[in-house]
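Comments concern the structure below.
Order of writing sets the chain letters: A, B, C and D. Residues in each chain are counted from 1.
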Amino acid sequence: MAGSTFGKAFSITTWGESHGAGVGVVVDGCPAGLEINAEEIQSELNRRKTGQSQMTTPRQEKDLIQIMSGVFEGKTTGTPISMLVYNEDADSSKYDEIKDKFRPGHADFSYLAKYGVRDHRGGGRSSARETVGRVAAGAIARKLLAHYGVKVVAYTKELGGIVAQKIDFDEIERNLVRCPDPDVAPQMVEIVLQAKKELDSLGGVAEVVAIGVPPGLGEPVFDKLDAEIAKAMLSIPAIKGIEFGAGFALARMHGSQSNDPFINVGGKIGTIENKAGGILGGISTGEDILVRLAVKPTSSIARQQNTVNTEGEATTIEVRGRHDPTIIVRAIPVIEAMLCLTLADHLMRQRLARLEFN
Amino acid sequence: MAGSTFGKAFSITTWGESHGAGVGVVVDGCPAGLEINAEEIQSELNRRKTGQSQMTTPRQEKDLIQIMSGVFEGKTTGTPISMLVYNEDADSSKYDEIKDKFRPGHADFSYLAKYGVRDHRGGGRSSARETVGRVAAGAIARKLLAHYGVKVVAYTKELGGIVAQKIDFDEIERNLVRCPDPDVAPQMVEIVLQAKKELDSLGGVAEVVAIGVPPGLGEPVFDKLDAEIAKAMLSIPAIKGIEFGAGFALARMHGSQSNDPFINVGGKIGTIENKAGGILGGISTGEDILVRLAVKPTSSIARQQNTVNTEGEATTIEVRGRHDPTIIVRAIPVIEAMLCLTLADHLMRQRLARLEFN
Amino acid sequence: MAGSTFGKAFSITTWGESHGAGVGVVVDGCPAGLEINAEEIQSELNRRKTGQSQMTTPRQEKDLIQIMSGVFEGKTTGTPISMLVYNEDADSSKYDEIKDKFRPGHADFSYLAKYGVRDHRGGGRSSARETVGRVAAGAIARKLLAHYGVKVVAYTKELGGIVAQKIDFDEIERNLVRCPDPDVAPQMVEIVLQAKKELDSLGGVAEVVAIGVPPGLGEPVFDKLDAEIAKAMLSIPAIKGIEFGAGFALARMHGSQSNDPFINVGGKIGTIENKAGGILGGISTGEDILVRLAVKPTSSIARQQNTVNTEGEATTIEVRGRHDPTIIVRAIPVIEAMLCLTLADHLMRQRLARLEFN
Amino acid sequence: MAGSTFGKAFSITTWGESHGAGVGVVVDGCPAGLEINAEEIQSELNRRKTGQSQMTTPRQEKDLIQIMSGVFEGKTTGTPISMLVYNEDADSSKYDEIKDKFRPGHADFSYLAKYGVRDHRGGGRSSARETVGRVAAGAIARKLLAHYGVKVVAYTKELGGIVAQKIDFDEIERNLVRCPDPDVAPQMVEIVLQAKKELDSLGGVAEVVAIGVPPGLGEPVFDKLDAEIAKAMLSIPAIKGIEFGAGFALARMHGSQSNDPFINVGGKIGTIENKAGGILGGISTGEDILVRLAVKPTSSIARQQNTVNTEGEATTIEVRGRHDPTIIVRAIPVIEAMLCLTLADHLMRQRLARLEFN
């Protein structure tokens, strides 16, 4: 009932908050026999961590992963995999001044409304620090996907109004903004630095693709693959919208345009285009899963903003500290992790669909 | 694990397919003591049913609801509420010609890929007929919301490229397209009739609003309110995208624009604007929940389309029968139902958040 | 969260109460491709129904099953299977006199304490009539088990102090008390008739066996096979205790006696005895699952009993009407159904345990 | 789906195995505002730990608890509470000789059958070491129960055939066998020492009582309070049977004996006796919850036993190392923990039963 668990067959439970002792995750339902490599998990965490570049907060967190259980002689045993990262000695005192104020765009007010208390230090549980556990678990899900021949890639499609025109996966990790188009990446970097200078932040559009997904994944009528991906993505901080395939553009088409005709290409049934984003009736078709996400600008900005305090009195706030001038860069590995987790769950669940499993 | 259940505290399980004996729903977790009125449920079903107008398929289905359990002397008893509608004598023979062909835009191919069998008659379980159960259950959720002072309204925001400029709730049921703007509604009607004449169909954008939602609803970090609403909406046939508040427009803003400053209006803390759509950190803020949805054009069109058959051979198909020229009109009550169900579930779950309940 | 659903992979949701419109069940997660036969389901219901013999209440309920969904051309489609039985015109008026009294041994008081209202007619939801849905779903689970070579049999091991000495499965349905020992069955019948004459009722001990269960079923550490079976059985009305294998007798043994040595019989690893009841560490071993159950006497007796009314005033009650002089006979098919359902769920879940499924 | 989570509203997920890096638990759904005290949790763990006395294994494990999240300024925040204990430098080498043999009474064979691999060191996940997480979480559940005025106590009712005649709660922690009867406790100690000397082990019967449980807890028809308690208890290693109230003795009674008449004592409705064990129709009545459990003898015994190896060849085994001569003593705090967790879950769930919460 409480909301810290995601997935039914391959499920994860994350725990931890910004300034507690640590953050972590328990993966339950990973099948026995999967090779697990701590370096691969660490490598994903490194893509997410702070202090990577000028595009991210200069805070330095090592985020060293500890695998506590569920792996024996390099392979999963079918029992829960617990992983954790200790928080480093964080200075909570700098949050004292915002202790009694509600930061605009943040969850300070809504958490207090919900729980009657709030851990104001760094946003507590609402901090994006919680996503460490998702990325660690996502690295395991990614291994499971690889076993099935599935690959997941996310990137910055648009940033501060600048749009990638080319999609070259090899370029993504070569620039500071994880943009697949090397021609516009420098402009994106520039516009972020400008926003930073102005004590402001920027939003963007991320795109995530899954290649090699077998047809048949998704559990109608409520756990449809697109419904589950939507939930996964909207659970990531800062995501405010999602569309599949042609998405909102479909709303302006005629049926004769939006329908993708089926074709047979070398014995494999597919569609000519992919306006449906690889999902029909909530079930994967075998085409690429294609998802686009609206990422809002980082809520923490150093500019002065109007707000109220916990007494309801008008006041102003400057959210000091070291923040990401855009969150999209560090969101990319989280987005990939959540898609990996969703697909891993549904790859497992598909094992239950038929009497004869194959 | 199977996907026919939605909600954890206030949960529903739907069953039934287009040409089976009937369709229905079991509501489990509705608290005891809620007044239930069969007429109110029927009234919601009537808004969803076929044959309402030229905007919908001329098929005539009465959809008379039977309440089978869980209600005693006009009130819920806390036990499961089972409701069903018998399918009327449907002629399945007209589906014979599409038995071995995959209709473009439909789930024929993906269902077969998943289950190894498919009930081809009218789309089987993938038929929007399944949503009868959702609407019936949604009517009960709506009663629960009313008890808490929450109201849910959906409408056609855009249809065939024509956009509503005014939002007058009173107008919605006064025109055939459920548009809140009486000035553009006739144009919308016109463009639908034109598409129908051309054996084609149209998509649109729906908007749904929840008013009076108390702050505090939503269960971080995975069952955030927006994540759950996204899942609910994407589980509805034909929905291909969702955005909250300013949505994708946020991706093009600076943080200084996207952040909604908090204010105190007469003792109630809120925000000046509502770019966040009433949700921060996955928890309701007390502002209106505001959601926008991409609705694709009806996939069933009478025009000839290219496709393949179950043998993988190229062929053509004309989806005959009586279909909705746009699905958005009948989707509106389903969208409302799903938002009601999501909010009802989270109103109940919020009872668990604190030691002292109030 | 609400409690009307059992099972995670192969799951059922029952609904309905004694004097509502009907009772039924939705099975979600039954794999596609299983042959379903309405006669087989009806046949199980007939074993459970009233009016079978002098051992059961003389009420006559036909309990004709309707399959509403999920089956197409004689096979499951992987979508929810909804089944229902209409309640026949029941005379609720005879319950008027107990409307304001709490029947000893019944759930009248506890339901009212829980929900604040109660449907007093025939016990409402607490009536054993609810088990109709379990038996119908159990018949489908039994089909799935048969596909895996698993067979489930229950019987009356002890009744009114008389204990079966022989276990001959073929005898079970040949006598009125479902006793596998033809020598003691007549005595059991006699003692029941005696209790009936005295306006009293009797309890007994039921035993249920599952043969052919593959090793490996059960999901540690909480969904262990014995834990899940215990839950399933204790959810049946009138069951007050359960033991596995040698059960409580193990508490009086030394480890050198209670441990079952492993042996290899023709290439199959097993144990010489089966004091563990076929389960070690919560996982099936391949030996027979062996379970014993305490069944309390029917709570409804026509004798005068002391009680209080809803005002808390002392009063007396005679539970008139036509009741089962012992409930164990009609409980047998329910016990079998619940074991079938538990095993079906775990047969499916075992598909998720390893990377390479086989 | 995987089985490491227990509870729906107040839920726990345990992780860890005997010789992994550590063991722990994540509690999700504990309401905000509950006072948490690390000492109280440690104190419960100390009751469970090894090396307490001659009645337990002489192994010395400190089991120092770390609270990693979910508690701020001494109170719960409503977010997940993660707790862990590092395993101390365990010598796995002594398990090398049993690496390829199946220990009788243990889960070695069934785990291998399930997962295809097994962590043979100390039983891996099937080790009772996993219960550390249960006891830590149980200490938090106990705090929640105390807030509602509920108290849980377990004790050794019978050990090696010797039965406690008196129940004096104050005596339980005063003797080495957690027996509430000071007169028979020394005999119990003696018989355990005798078994130990003979390289053997003993079983017993535990009893657990919950006092002050409000009427109304339990969620029919599957999550009945007794069904859930049965699951909780059978999920504890070594438990092989359970009975409620008069339990199996009810099977030998007439209804006129087994029915507990209701009475009004000072305005509180209750029953004269408590043969139902405080539960009717799966819902608490307000009487004491009374449960009896069969605890099998410790499976690890140093005597030579017959078994087979992983190749299926006959062999013998002596389970060396330091084992508990009876497991019941250390099982007592685990039994209490599981009852606390079950009741905490149902206290929370009861908040959902009625429209008007009170």
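What we mean here is this: contacts are C-beta pairs under 8 Å (C-beta built on N, C-alpha and C of every residue); 3 or more make two chains touch, one makes a residue touch a chain.
Since the model is a prediction, treat every value here as computed from it, not as a measurement.
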Longest centre-to-centre distance from subunit D, chain (CA-based): B
A-C against A-B, pair bridged by the larger set of C-beta contacts: A-B
Between subunit B and subunit C, centroid-to-centroid distance (C-alpha), Å: 38
Distance from the mean Cα position of subunit B to that of subunit A, given in whole angstrom: 26
Centre-of-Cα separation between subunit C and subunit A, whole angstrom: 45
Two or more partner chains touched - positions in subunit A: 1-5, 8-9, 14, 29, 32-33, 78-79, 114-116, 125, 220, 352-354, 356
Touch-based graph of the chains, sorted into line, ring, star, complete or other: complete
Touch list for subunit B against partner subunit D, complex: 1, 8-9, 29, 31-34, 76, 78-79, 144, 147, 220, 348, 351-357
Subunit A - residues contacting subunit D, complex: 1-5, 8-9, 11, 13-17, 20-24, 26, 28-29, 32-33, 66-70, 72, 75, 77-82, 84, 114-119, 124-125
Complex contact set, residues of subunit A against subunit B: 1-6, 8-9, 14, 102, 104-107, 109-111, 113-116, 125-126, 130, 158, 160-161, 195, 198, 200-205, 214-224, 226-235, 237, 240-248, 250-264, 267, 269, 271, 276-277, 279-286, 294-301, 303, 305-308, 312-314, 349-350, 352-354, 356
